[in-house]
Amino acid sequence: MVAAPKKDMIPYPARIERTVVETEDGLLKSFYLRLLDEEASREFSHRPGQFAMLSVLGKGECPIGIASAPSEKLLMFTVFRTGLVTDALHRLPEGTIIGLRGPLGNGYPLEKFKGKNVVLIAGGFAVTTLRATLVYLLEHRADYGEITMIYGARNPGLLLYKPELEAWKKRDDLKLYLTIDREAPGWDGLVGFVPQITEQVAPSGENAVALVCGPPIMIKFTLPVLEKCGFKPEDIYLSLENRMRCGLGLCHHCNVGPFLVCKDGPVITLAELKKLPPEY
Amino acid sequence: MSWEPRIIAFLCNWCSYAGADLAGVSRLRYPPTIRIVRVPCSSRVSPAMILDALKSGADGVLVSGCHPGDCHYLTGNLFARRRFFMLKKLLEFVGLEPERVQFAWVSASEGDVFAKVVSELTEKIKLLGPNTRFRKILGGKI
Amino acid sequence: MFYFLPREALKNWLSEISKVHEVFVPVSPSGFGPYEGKLYLEKKTKLSAKEFFLPWREVILKFEARPGALPSPVFFEPVKERIIFGVRPCDAKGLTLIEKVFGEDPFFQKRREKTILLGLLCKEPGRECFGWAMGVNPFAGEGLDALFLEQAEGYLVKLLSPKGEKLFKDQEAFEKVGEEAQNSFKKAEKEFLEKHPKAPALEKLKEADLLKLYEADFWEGLALPCLNCGICTFLCPTCYCFDVQDEVVGLEGERVRLPEACMFELYSRHASGHNPRRSPVARFRNRFMHKFKYFLDEYGEPLCVGCGRCNEECPAGINLWEVIRAMSTL
Amino acid sequence: MLTEKIREIAKKLLEEGKIEAFLCYEGTSHPFRNRAVLVKSPEEVKKLLWPSFGVINLATPLQKLKGQKAGILATGCVSRAIVVLIQEGQLKREDLFVVGVPCPGMLDPSKVRDKAPEIIDVIDDLKDEVLIVTPEDKIKFSREELLRNNCQECRHPVPPLYDLLLDFSGREKSPDPYRRVQEIEDLTLEERWQWFEREVLRRCFRCYACRQACPLCYCPTCFVDDSRPQWVGKTRDLIDTALYHLVRAYHLAGRCVDCGSCEAACPMDIPLRLLTKKLEKEALLAFSFEAGLDPEAPLLFTSFDENDPEDFMLTSELKASGKI
């Protein structure tokens, strides 16, 4: 299903069809991209959890998780403005052609989850690839058991994909828990950190997998909660990120011990992660 | 077409930039060879900025600030003077043409001095020719 | 197959083949350069022949530096087929280790394809050499197309690949030699291997527990003198990490690959500032864990050919053997 | 003799609990290489020795020890580096116990290396003679000849700051510290650039050992590693390399204590010290300034004098010629 990554480090040209500023601080922007090369466009197939290298010529490349589901026409990336490349990317107007290399990495083994309950836990802007996952799961709704999503942000203005969140809220085949860190005017939903909310929701680990994406501090406190709920380390999936250059397992920047985040990851189970040095 | 030098001029906001402005307002004639970068103080200019200008293709660099005693921040230019002294000695030591990197004091009322400084610097650099020594060329020498 | 080249014919032959090929040789104790009559064969050079395969500056794309420009790919394309003469067997072995990772990398492969590697056995192992301990048999000439053994009157040449055979098929300077010569090669090999056994440390390292090694308390002391500079990685014939940089001058832009050292703080620093290997000791540990545990576990061989350049050149006096000893006796 | 004195004092300090650890040098399997070592117990002091090849300034590893009370063996240049680090707020005086030694100078590994194809041992009498031991022979050399350049040109063999000074007679102050700088200055502009390109730029492969070895290069992010803006390209481009070396040297103006660690660390034998020595000379001549002598004194670039020279400026030149 997934095409082997190109080995030549030559990016596909991709046009920015549309951009959406996602958060009130303006630091997160979604880019909807169309591959210009028709053949590349036909061959490009990814699975949720994979990433691609976005490149702004003259500035460089950076690895960004693919936030769109495989079925969606345009590739979508939600980019946090933080370094040289992402800063340059944020300044580009719609219609600009950028470079794209991918899909890279392993992605979530969604076939393995069939028949199971799936719990998605996201904090802050790490929600991107879980959005892709959720869209996929909902498209293949019958294949999966209960689907639960817990998603927290510092404040309401920092929640991504608001129109979609509204639509998902209305679905009865999805349990969606949105939370913010502190009370805010106009917010009538849950208040509390993701680990606390997870504890309250207490999803059962029975015949279930949990996919956790968020800042290290959130992950640190969420994992014990999940283990308490009965999730086995083999059923808890995390997504790592590290500095990267090639995305192909060559340049070695992203190694966590013997594990190369770009090639062996970014998705890893907690069970595997426990065997690695804590260098992430 | 004859070659015209390109000179990057780092001018302090309070004196030299105003001096350059005055030169313009007074319609003084000087060669159109400079590209001005306004900086808060001459002491803001670091050697990396000067060398980066040359590396990127400038034929000369001028740093100009307030006269000693006139600094908006009281002593910025006095710190700068020591630093530029040392930098200039170092650049000469490794064989970089010393004329390419110049320092000046130009006050807000010295439009004429500013014009003279630019004319003189342009002449010096014309004599030297284009900066080939410290200019980066892609895939150039390794 | 074996050939023989009289000692005095070497330079002449190098000039001859320079007419058809692009010929590089060790030109000074520092390293290799195009053959222009100068030849330094006394000892192994400071820089290995790695720089011909993972060069200091590999352009992979060219582009016009404006938003939206389309890049054009660039591949190494020498006008003439390259010959590198005087490559030490350990360095060539290093290339085969890199190839385990770079087997599908078109940039590395292209350079391998277009290059003939002619090896030269050392007369004596250098003071810091320990290639045999890492399991390198220099007489096997892994990664080479032909291997030169210096003898009293000249060089005995063993052909090791079709590329080598093709090159020597019609080289008049060389004479074919018979069984006697082959035996002298085999004898030299046998003597060498008897004197220089593989180190038992490697087997111990294979068995060692990864996390226990990682958490061992010897790292702090070993890493204290380390400066975290890039000397050992850049001189190492097996270190292959690279950086990718976009370089722009005016409107011209190039994306280049260049060697990078895992000892640098920047190596693992995220754009956000977070760095999983912020401390110098973490970077020190990562380098040796990669060479003697991660790579060893995955490929069955350490990422080290025992050339000893790191020991010879480390200004802080760090000795690789002391690190291996600590790791293998945990 | 010096080695015994060092062991004795380190042992005493550790036993008395005056320090938690002592930073010094040890021997290695390499005949002309010493290595920094930290000992934490009196039993370990037997490792320590006077390093004839202690080419990396101990003030560099010292900065890894923040927070523990450490003793350190300090020659003139180590002590001076400590002074600068205290001036710049990088070290606390009270964390340190400085065991000073009037320095006899150290030997240059690359000068020794070139004396024989195979060297087994080097015996240094710390005064006049060095014996180089080869498999066949012992060859005698004058110590002066094998000294590191910076030791030959040393202006301060005696540490300016210490808690205890070992009783030893070290080298005299160099009478001619700027001879090598003068040799370059005497070249024409064209020749100087050729020298810079040949001896510095073409050799450098950007391992940053000079920066890493320097006790005074402690910035958390070096200007070379900045990406916004990126001042220096990362490849071996000659101009980028020039920019690196010039700014590196300049950043040491009025700070460099001429310990020579940069030059000793360089795997390509680049004469890096000449750049910093030139700046040292200029600071001395123009501002009567010498780095690392007094922890209370201001730094060269954090001070000024109203009468500092300015004849180098274009406006001064124009004034002198009556054009303005």
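Details
Letters A, B, C and D mark the chains in the order given here, with residues in each chain numbered from 1 onward.
The rule is short, and it goes like this: a residue touches a chain if its C-beta (ideal position, glycine included) is under 8 Å from a C-beta of that chain, and two chains touch if they have at least 3 such contacts.
Just so we're clear, the structure is a prediction, and the values are computed from it rather than from any experiment.
With respect to chain C, maximal separation of chain centres occurs for B (centres as means of Cα atoms).
In whole angstrom, the spacing between the mean C-alpha positions of chain A and chain D is 50.
The mean-CA centres of chain C and chain D are about 32 angstrom from one another, to the nearest whole unit. Centre to centre, using the average C-alpha position, chain A and chain C are separated by 39 Å. Multi-chain contact residues of chain A, defined as those touching 2 or more other chains: 83-84. Each of residues 56-57, 243, 245, 247-248, 253 in chain C touches at least two other chains. Across the assembly, chain D contributes residues 233, 235-237 that each touch 2 or more other chains. Contact between chains, as defined at the top, is found for A-C, A-D, B-C, B-D, C-D. Residues 28-30, 33-38, 55-56, 60-61, 64, 118, 203, 205-209, 211-213, 221, 225, 233-237, 261, 264-268 of chain D touch chain C in their complex. Across the complex, chain C meets chain B through its residues 56-57, 59, 247-250, 252-254.
Those residues of chain C that touch chain A in the complex are listed here as 60-61, 63, 65, 67-71, 73, 101-102, 104-107, 210-211, 214, 240-246, 248, 253, 255, 257, 260, 262, 267-272, 276-277, 282, 286, 289-290, 293-294, 297-298. Listing the residues of chain A that touch chain D in their complex gives 83-84, 87.
Of all the residues in chain D, the ones that touch chain B in their complex are 184-185, 187, 189-196, 200, 223, 229, 231-233, 235-240, 242-243, 246-247, 249-250, 253-254, 275, 278-279, 282-283, 286-287, 300-302, 304, 306, 308-310, 312-315, 318, 323-324.
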